[in-house]
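First chain A sits with chain B, and in the next complex the same chain sits with chain C.
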Partner chain A sequence: MIRIAGLRKSYGSTLIVDDVSLTLPAGGITAIIGPNGAGKSTLLGMISRLLPMDAGTVTVDGLDVTRTPSDVLAKRLAVLRQDNHIAARLTVRDLVAFGRYPHAKGRPTIADENKINEAIAFLDLGALEHRFLDELSGGQRQRAFVAMVLAQDTDYVLLDEPLNNLDLKHAARMMQLLRRAARELGKTIVIVLHDINFASVYADHIVCMQAGRVAHQGQPETIITPEVLSLVYQLPVRVELIDGQRISIYYQEDRTP
Partner chain B sequence: MSPSLKLGLGLLAVLALSAVSLFIGVSDVSLASLLSSADEDRPMQVLLISRVPRTVALILAGSGLAVCGLIMQMLARNRFVEPSTAGTVESASLGLLVVTLLAPGWPLFAKMLVAAVFALAGTALFMRLLAAVPLRSPYMVPLVGIMLGGVIGSLTNFVAYRYDLLQTLGAWTMGDFSGILRGRYELLWLSAGLTIAAWFAADQFTLAGLGEAFTTNLGLNYRRVLSLGLCIVAMATAVIVVTAGAIPFLGLIVPNLVSALMGDNMRRSIPWIALMGAGLVLASDIVGRLIRFPYEIPIGTVFGVAGSLVFLWLLLGRRRHFD
Partner chain C sequence: MTSLRPRQVLLGLAGLALFSMVLFMVWNAKGAWDFVLPFRGRKLWGLLLCAWAIAVSTVLFQTVTGNRILTPAIMGFDALYQMVQTLFVFAFGGFAYLTLPAELRFLGNAVVMVGLSTLLFRWLFGRHGGSLHLLVLVGIVFGVLLRSLAGLMQRLINPNDFVVLQDAMFASFGAIAPTLLLISTIVLGLASLVILPLLPQLDVLLLGRTPAIGLGVNHKRTVSLVLGVVAVMVSVSTALVGPVLFFGLLAANLAYLIMPTHRHAAVLPAAALLAVIGLVAGQAVLEHGFGFDTALSIIIEFAGGLVFLILLLRGGNR
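Take a look at the complex of A and B:
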């Protein structure tokens, strides 16, 4: 379980995350949604100790993320941010193998090799494993990053917009795969999503942020409603039930003359 | 061919170059003259006092500078950074100049340490500049480094000019191995130790090349990795500047060539970078000794010509790789 209490962060005089207190349940997929600048990525960064916080605490299974040694935390929690600029020229397999670093410390055992193979197969990267990252498309690279984070084999996996750069097929596959990881391997997945329909269909729990605060949270049925979404995104949103899935529709003609 | 077999062949090539380096020079040193007892062992003395030290110094400096270049490229996350494009060499020279003026009686080791402290400060300043000024183009990073080096270098030049030390200064920044004799290069073994230390920490530097978020996620302290890398680079650069003088662009060309061939997993690439660094430096020195025989052209000049051609080829041919 991730417990967040009184979390605050500002850049200069701009408050990005404003006194957020939140409990994210263990197990399942929690999606964080909200408009641009709502503080989603900053929140994820602070939960995963990548960003320092101005005030507040975050504990993961009782471990305070700012006080727990980083290498201990690396076996419990894995995080992938968006916009990863990589200077080292690595093959896909090398990158995924680095996911085992917290466990293997550079001396991978057979068990580590197995985890690496599993992660590569899980993300369908077998044919690309010896290619260099700079020779791949954005989507293929994104899958390699996610494979690395899965190879880390932590209870908690935090992903910041992992569907960026992915085409429809791979985006849907990625979400199915994350759901499988949550269901079959018992992982807790926290994911910042832009596409609210993916959140609606795949998440077990949704946190909706607005202007640095948690505006709403709960099960998808309570969040994916015209009232909540229209207010949060400041745009008329319709929600239709299609094949039992709550799908938001917000594409509209520009009616201004 | 298996990777270790290839590495063995590379090692053989470097050994062959070393052998050539041992037997080239004005004084006649050959297997025959070494075995004959005439000349009161003069060939053997030349070999032990001059040729062997020079060859060892070339190998140590070449591999050290090449590995330093790679470490800096990972830490700065830019392919164009190396000790001579980040103010490191200039800072080390400034430190050496300051200690030469203020404490001329200090032993060489102490002077080297002062140069290392200056090199560390200068490189840290460069890293701070990079962090403070968000640069859109990867080509801007070495420009900032070269400008910083220019500022520090002109300060050094001014002081050297005032105290009539310009010639000495030239010897530090422009590598020349003709003055290497027994008793005047041993400090370079320290650079070998640092290269090996870098190999042990190879995974950490590769991770640093993936960025702060990846490094932290995998449980490493990014600042600590950065500090470790900068200390290794500063020490090695200072050692080389104090003994033989830096060889510009070596640390840029070798890591880029190796990266193009086999990527940047440093655990795998450091042996290759060390070998290729040593090999290129040996070859350049041999060329410099032969081209105007019996006179010598400093290695910095030879390498500057050959290196800039290779660099242009890298720049134009593999542009995608840098962006």
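Take a look at the complex of A and C:
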């Protein structure tokens, strides 16, 4: 379980994350949605101790993230940031292998190699594993970074817009993969999404952020509604029930006469 | 198969390095061997120490700062050295500088340089939360400041002292006193031992600051430790032979180019071996082949400077 209490962050005089308190249940997928600049990445950065916080506490399974040694936390929690670029020239396999560092500390065992192979196969990177990262397409590179995070094989996985640049097939496959990891392996997945339909279909819990605060949270049925979404995104959103799934439609202005 | 290739490259480099050492020891060796060999051996040992210190410190520095163009020397270390020398000559005169025992001068230089650079790192890390770009920028500005100060003092001292100073300012790979060699060997050995357990962390640091923290590396501690080692290594090599500006850049970038892996366990020895080959073979050819004595530093700085320019022009900050 991730407990967030009184979390606050400002840059200069602007409050970016404003007194956020949240409890994210263990197991399952929690989606964080909200408009650009709402503070989603900043929140995720503080939860994963990559960004210092101004006030508040975050505990993961009871471990205070600012006090727990970083290497202990790295075995419990893996994080993918929104922007990733690397100065060094690495192959896909090199990158994914770094995911095992918290466990192997530079001396990968057979078990570590297996995890690396698994992650590479899961993200459909087998044919690309010896290619350099700067020779990949945007979506291929994104998959390599996700593979690294999955290779870390932690109970908590925090992903900031992992579907960036992915085509339909790979986006759907990644969400299915995450759901399987949550259902079958009991992992806790926290994922920032812009595609609210993926959030609606796959998430067990949705947190909706707006201007640095949690505007709404709850089960998808309570968040994926025309009222909530139209207000949060300042855009008319229609929600239709298709095959029992709540699908939002917002691509055009409403053309019903 | 993939783990065999780096080893083969390293073996090849080690062979070449060995060959340059033999060349240096025996080429044109006239006269009694029991005089020539110890004499040349001491010179060789000095070259090896410098090659190790310069190459390793450059790779380490570039890894923790996440760039492949800047080196500790470019960041103002040479200016610090010039400043210390100038200050000494300015305060005590050229005669005192020349008559001071070499060991004392060496130790004084090394201690002052390590002290000052550690102070600089501390101050920057404490205040600005470890922004390395800022650190490098301040280093460059600091370098300009020190250079101008040294220049001012050099105008104020008398011409005889100035000649003494000029001699100390340029790198020379001549014979070094045995006690200096011993002290430097011990210091460099200890500094290298500090790095050994950090090799896997250094690999992770290639990913950048936040990913490294995400993978559990204690970023601040590791980077301060590595920068401390860099300060020690650069200070020792500078105190031994004087400032060498671009040579580390040359060795490090050649190593990145030819090593088929990013691992520091392979890249560090490769850079060191390349530096050995460059220094030792270069010195053998120039000194024993052509009979020049001090031209090597000019040539390697020229080649290194060229690489620096090419890297800058390619716009590759990676």
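The rule is simple: the second predicted complex is superposed on the first by the 252 of 257 C-alpha atoms of A that agree within 3 Å, B and C clash if a C-alpha of one lies under 4 Å from a C-alpha of the other, contacts with A are read in each partner's own complex, and residues count from 1 in each chain.
The rule we apply is simple: a contact is a pair of C-beta atoms (placed from the backbone, for glycine too) under 8 Å apart; a residue touches a chain by one contact, two chains touch by 3 or more.
Values in this document were obtained by computation on a predicted structure and should not be read as measured data.
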Combined model on chain A where chain B meets chain C, clash or fit: clash
First, second, both or neither for A:132, with chain B first and chain C second: first
Contacts of A:122 with chain B and chain C, given as first, second, both or neither: neither
Residues on chain A lying within both footprints (that of chain B and that of chain C): 48-50, 69-75, 78-79, 81, 84-90, 94, 98-99, 101-102, 106, 152
Residues of chain B defined as touching chain A within the complex: 73-74, 77-79, 203, 206-207, 209-214, 216-221, 259, 263-267, 320-321
Complex contacts: residues of chain A adjacent to chain B: 48-50, 69-75, 78-81, 84-91, 94-95, 98-99, 101-102, 106, 132, 134, 149, 152
Residues of chain A touching chain C in the complex: 48-50, 69-75, 78-79, 81, 84-90, 94, 98-99, 101-102, 105-107, 152
Contact set on chain C toward chain A in their complex: 66-68, 199-200, 203-204, 206-208, 210-211, 213-219, 262, 317-318
